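You will see two complexes here that share chain A, one where it goes with chain B and one where it goes with chain C.
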Partner chain A sequence: MLRRRPPDWLTLLMPTIIVIAIIVLIPLIFSFYSSFTPYKLTRPSTLWRWVGTANYERILSDLNFWAAFGRTILFLTIALNLELLFGLGIALMVNKVTWGQRTLRTVLMFPMMFSPILVGFQFKFIFNDNVGLVNNALQSLGITDVALPWLVDSKLALFSIAFAEIWMSTSIFAILILAGLFAMPRDPLEAAKVDGCTPWQSFRHITLPFLMPFIFIAMTIRSLDVARAYDIVQIMTGGGPARRTELVWTLMARTGYVDARMGIANAMGYVSILLSIFFTIYFFRKLSAARAELGL
Partner chain B sequence: MAEVSLRNVTKNYGALEVVHGIDLDIAHDEFVVLVGPSGCGKSTTLRMIAGLEDISGGEVAIGGNRVNDLPPRERNISMVFQNYALYPHMTVRENLGFSLLIAKRSETEIAQAVDDAASILGLGELLDRRPAELSGGQRQRVAMGRAIVRHPDVFLFDEPLSNLDAKLRTQMRIEIKKLHQKVRTTIVYVTHDQVEAMTLADRIVIMKDGDIVQVGTPLEVFERPVDTFVASFIGSPPMNLLEGKVSGGFVWITPDVTLPLPTVFSGKVAEGQRVTFGFRADNLMPKGHALTESGATADLSLTITLAEPLGAETMLLSELAGVEIQGKMLNPRPVSEGEVLECQLSLDHCHLFDTATGKSLR
Partner chain C sequence: MSYLKAVALSTVAVLATGASAQDYGSFSGVTVEAKLIGGEQYEGLYGRIADWEAATGAKVDIISKKSHFEIDKEIKSDMAAGTTSWCVGSNHSSFAAQYEGLYMDLKGHVPEDELAGFVGANVSASMVDGALVMLPRAQFDVSVMYYLKSNYEDAEKAAAFKAEYGYDLAPPTTWDQVKDQAIFFSDPPNFYGTQYAGKDEAIVGRFYELVVAEGGLYVDEDFKPVFNSEAGQRALQWFVDLYQAQAVPAGTLSYVWDELGQGFASGTVALNLDWPGWAGFFNDPTSSKVAGNVGLIVQPKGSVAHTGWSGHHGFSVTNKCPSPDAAVSLVRFLTGEESQLAESSGGSLPTRSAVWDANIASAEGFRAEALAVFAEGATHAFPVPPIAEWAESTNLVFPELQAAIVGDKTIKQALDDAADAVDELMREAGYY
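Showing the complex of A and B:
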């Protein structure tokens, strides 16, 4: 009698399936399940108590969560738009440079090479109200004589964190847009010149539409990145003081690990994933539309 | 009125000079073709007229005004590029109307101009497509349409037909000629295809290594080439050229091959001068298959190495004094390889060049 063997393709896929199951699937199912329990890390037995959607109901009526959620969106909007603006400016300038461009391109990548934790520490020092560079400079220039609470005041603190984030990641936009500029055909630009365009009009009508796909790719990558911003915030302000700079992920980490309430933290995770999914779909739509425009 | 004039125009790329002080006057409504081998500076010259390339020295004037320092948009020119350079993200309609949109014309005016251009070039069906959805010939027409909507003073064409297949090229060549008759605008047209140059031009400008070698009507440059370069560049097949020495009313090619010195050149050459004897295939024909012409002829008996029947005529390849030469047979009959044909060379149409300088001795 013939022993039934699994088909070849299944045998070949098996290692991948096992690895993916261990790394992704099991944690996913486990965390999803635990978001329906009052699971506390300190009391493992709570994992077996089913409370239904109680966690979700609690989060959705929790003002702290919504504040963090809204702040994350605000943070994301500010950071992404400024990064786009600066990145575009840098890319356009670097594209004009004829001498030493390779070196400049390498230098551009430097901020990306640092660990976000170190960037956080660096800016925590720079914005420190007593010994920080910024306040020192402002005071010795006589612009102000009080120490500005860069990391304490809620508006200033969000600004400081955004500043660090932008410093670190503008080069992603710059590099991707620069790649777009390199790939751009020269002929349409010359045709535009002959057709009567000023440099600004050439940029607006010819260059920018061509760069849009590159911009949306950068937007997609960065929106996912910023939506889970944690390290820089944790180092610079720890989400405080008094929750003034709390973002979704710092709140989640605090709830899960400090307060040990893993069940509710997981529920927060699932709600905030919606945010990432929304941005991904949004920018992806935009990307497809921009590519279709170019006839790609 | 838009005449274009170039005065001692030079172009340098760093230390390298690629255009060496050219002078050229183009009349209003004239169709001038710049022709020459690859790398001779045709595109560079055209781009200097367009303003896409800085002028290193000399002066370019359009309609009497010096334009050296004006950007392209202030020169009122339009240009058709070799790879069409359409705007990929715009429809054909938007491509055509773009320059007018930039010029802030009213919407109705733009629509009118686009429709006019589309009907001249037969683009009506294609107005809502994007360039990626067009064939090469259609893109080419859009590129021309984009040039004509503005009614510029000068049209500049840089090898607009070189990406098309032979049949389409012939067809578009006729379209361009018709277009010129319709819109009557000064045209400067760059090509390296001498057939295009001959068929389109009012005047041909032949360039070589950054210099103008000859300027003239197609017939002038064909019948009176100033040197051996023009003689071999213009006309298809190229002129047959044989080097020899003047000796007592004859040109000695080799001890065995001598050709009579055409009478127009007697008195213009010195005894013993080294000369290049030139004649076109049309002037070397087998007896009985030639044009009946009065005038002096020389007889040659030639061993045919290859015969190419073209239908109405047959091209004959042979060898004379070790040089491959071409002749032509009218009212052809089949010719076999190795056959010996008695041919006649009509001397009145022959050319004589000084071998040392290459210049015509006429």
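Showing the complex of A and C:
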């Protein structure tokens, strides 16, 4: 009798499948299961009490959660769009530099090299209303004589955390767009010049369409990053005051780790993951469309 | 007086009380695993562990050393995973009730006369459901009022204050006086009358002690939240009034202990309710602009009592510890009189009566003044409500307090919303 052996491809893939199962699949199943329990870290026995969809029902009717969810989308929209604008501008300028461009590219990546926690502390100090750099500078220059509450006022606080996020991550856009500019063929631009196109027309109709796939890749990566923004926000405002800067991840981390209510925190995680899935699908569709337009 | 001379004098005083070196037993070949709180003010004591190892023959393996909040998360994760066979853990009176079933009852393991040497209130605050779950170390915390002396030495200011408020300008003894003086001293954005912790457990602790000072309770005898009472509303009104009068920095709602300490040390705040660990920092010219200008007064009174939210650090022994006798011995050593004397020489407050006496007897100058005020402040101290849900409830309450302070909600609405959320929490936890 012949012994049945698995196909070679499966044998070769098996180590990867096992590693992924241990690292990703088992925790995923476990956390999904626990989202149907009142699991509390300090009371391990609660892991075995099934409460059905109670956690999800509670989240769906919790205004604080939906406010944090909406604020996360707003934060993501602001951060992504401004990072794109600044990143595009920086990349176009760096592309024009003929001397010291390599050094400039390295310098450009400095903000990415810092830990988000350190960036959070840095901007928390910079925006401190009493001893912070920004207020001291504004007051010394005579621009204002009041202490602007950068980390307290609802609009200023969102601006402050967005500023820190953008400062740290704009270079991701800049580097990816710069890579696109390097890969861009020169012929269409020269042909456009000969045909009498203005610089704006060349940019709008030739450069930008060519850069769009690069932009959408950067958008996808950053949307996943920003949708789980935690470190900087937690350090700078902790989601406050009065939940004015509460994002999904600060709420979830506090519920799970400080309050030890891991069951409901996991349920929040599964609801908020929809956000990441939506943005990923949206940007990949855009990416495919942009590539199709280029005939790729 | 030099540091060494102070420690030597204190040691003589403690030894004179009859508490000389004790027998901590012999545990040759035993290794005690410990998870300890880290940070500059806590580390000095750990240097003494080598003495205990030499005396008992045992070894201590510090398997984790992190900040309080990090170690708290780690211990909760251990409880979830069932990996609690390490032996000695740092604990805190405000959070001890959370670790249900983790730590052993130390009563019966510690001689009665040794327990009697601790301050009674500290031992009571170390109990959870009648079990003594931790022994207190020399890290007792209660806040008193720090103030800038220069504000009270200016005759013009004193006259202006009296003309406006009708009573003499002197360091405040009531919270109403704090409010008056804070508003009077404020000159934003250059100078503020006072400040308060504005988020997390810190603001709820401050609110809680003011509720008590106003004659109210956080939870009643059935553990139902009742901080939305009239006393609670008066307490929150104090925070709101100061914020709206711009007598506190605009960013105070984002401050916790470090920002508050640095703010007072920068010389831009007149009155600062703060912990004992800051006394030396505030009066040290290398770290503070207000050194030499710092006065202390017992924490003020509300309409009924003094504030006095307090807590202390300590050490606990896990139920699953494979060598509980050695672990208890280590905890007794770290909380014994000699250890407390050594630890409190760094500026922290002890939890043993004899060490209090010895420190007060040997202190001079600013330290003597500070210790006397903290000793009196300690007589008004009270712990947080003895519920496992304290920390969790503070996360529900603090955003509502903030909402009232910044004007997003009325005081009553904010407190009612917070009380409803805590009520649901307590109901879910099975209290009623």
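The definition used in the following text is that the second predicted complex is superposed on the first by the 282 of 296 C-alpha atoms of A that agree within 3 Å, B and C clash if a C-alpha of one lies under 4 Å from a C-alpha of the other, contacts with A are read in each partner's own complex, and residues count from 1 in each chain.
What we mean here is this: a contact is a pair of C-beta atoms (placed from the backbone, for glycine too) under 8 Å apart; a residue touches a chain by one contact, two chains touch by 3 or more.
None of these values were measured; they are calculated from a predicted model.
A.B. asks: Is the arrangement of chain B and chain C around the shared chain A a clash or a fit after superposition?
C.D. replies: fit
A.B. asks: Answer with first, second, both or neither: which of chain B and chain C does A:G295 touch in the superposed model?
C.D. replies: first
A.B. asks: In the overlaid three-chain picture, which partner chain does A:A260 touch, first (chain B) or second (chain C), both, or neither?
C.D. replies: After superposition on chain A, A:A260 lies in contact with chain C alone.
A.B. asks: What is the contact status of A:G70 with respect to chain B (first) and chain C (second): first, second, both, or neither?
C.D. replies: After superposing on A, A:G70 lies clear of both chain B and chain C.
A.B. asks: In the superposed arrangement, does A:P241 touch chain B (first), chain C (second), both or neither?
C.D. replies: So A:P241 only meets chain C here.
A.B. asks: Touch test for A:K193: chain B only (first), chain C only (second), both, or neither?
C.D. replies: A:K193: touches chain B, not chain C.
A.B. asks: Check whether A:I206 is in contact with chain B, with chain C, with both or with neither, and answer first, second, both or neither.
C.D. replies: first
A.B. asks: After the superposition, just quote the angle formed at chain A by chain B and chain C, using C-alpha centres and rounding to the nearest 10°.
C.D. replies: 150
A.B. asks: Check whether chain B or chain C contacts more residues of chain A in the superposed model.
C.D. replies: Per-residue touch count on chain A favours C.
A.B. asks: Once superposed, minimum distance in angstrom between C-alpha atoms of chain B and those of chain C?
C.D. replies: 51
A.B. asks: Looking at chain A, which of its residues have contacts with both chain B and chain C?
C.D. replies: Shared contact residues on chain A (touching chain B in one complex, chain C in the other): none at all.
A.B. asks: Would you tell me which residues of chain A are touching chain C in their complex?
C.D. replies: Those residues of chain A that touch chain C are 38, 41-44, 124, 128-131, 135, 139, 145-153, 236-238, 240-243, 246, 254, 257-262.
A.B. asks: For a test of understanding, state which residues of chain C touch chain A in their complex under the given definition.
C.D. replies: Going through chain C, the ones touching chain A are 69, 73, 76-77, 79-80, 82, 98-100, 188-189, 192, 198-200, 249-251, 253-254, 259, 262-263, 266, 268, 388, 391-392, 395, 398-400, 402-403, 405-406, 408, 428.
A.B. asks: Please give the residue numbers of chain B that touch chain A in the complex, ascending.
C.D. replies: Listed in rising order, the residues of chain B that touch chain A are 50-52, 71-73, 77-79, 81, 83-89, 98-99, 102-103, 130-133, 146, 150.
A.B. asks: Going by the contact rule at the top, pick out the chain A residues touching chain B in the complex.
C.D. replies: Where chain A meets chain B, its residues are 185, 187-188, 190-198, 201, 205-206, 209-210, 293-296.
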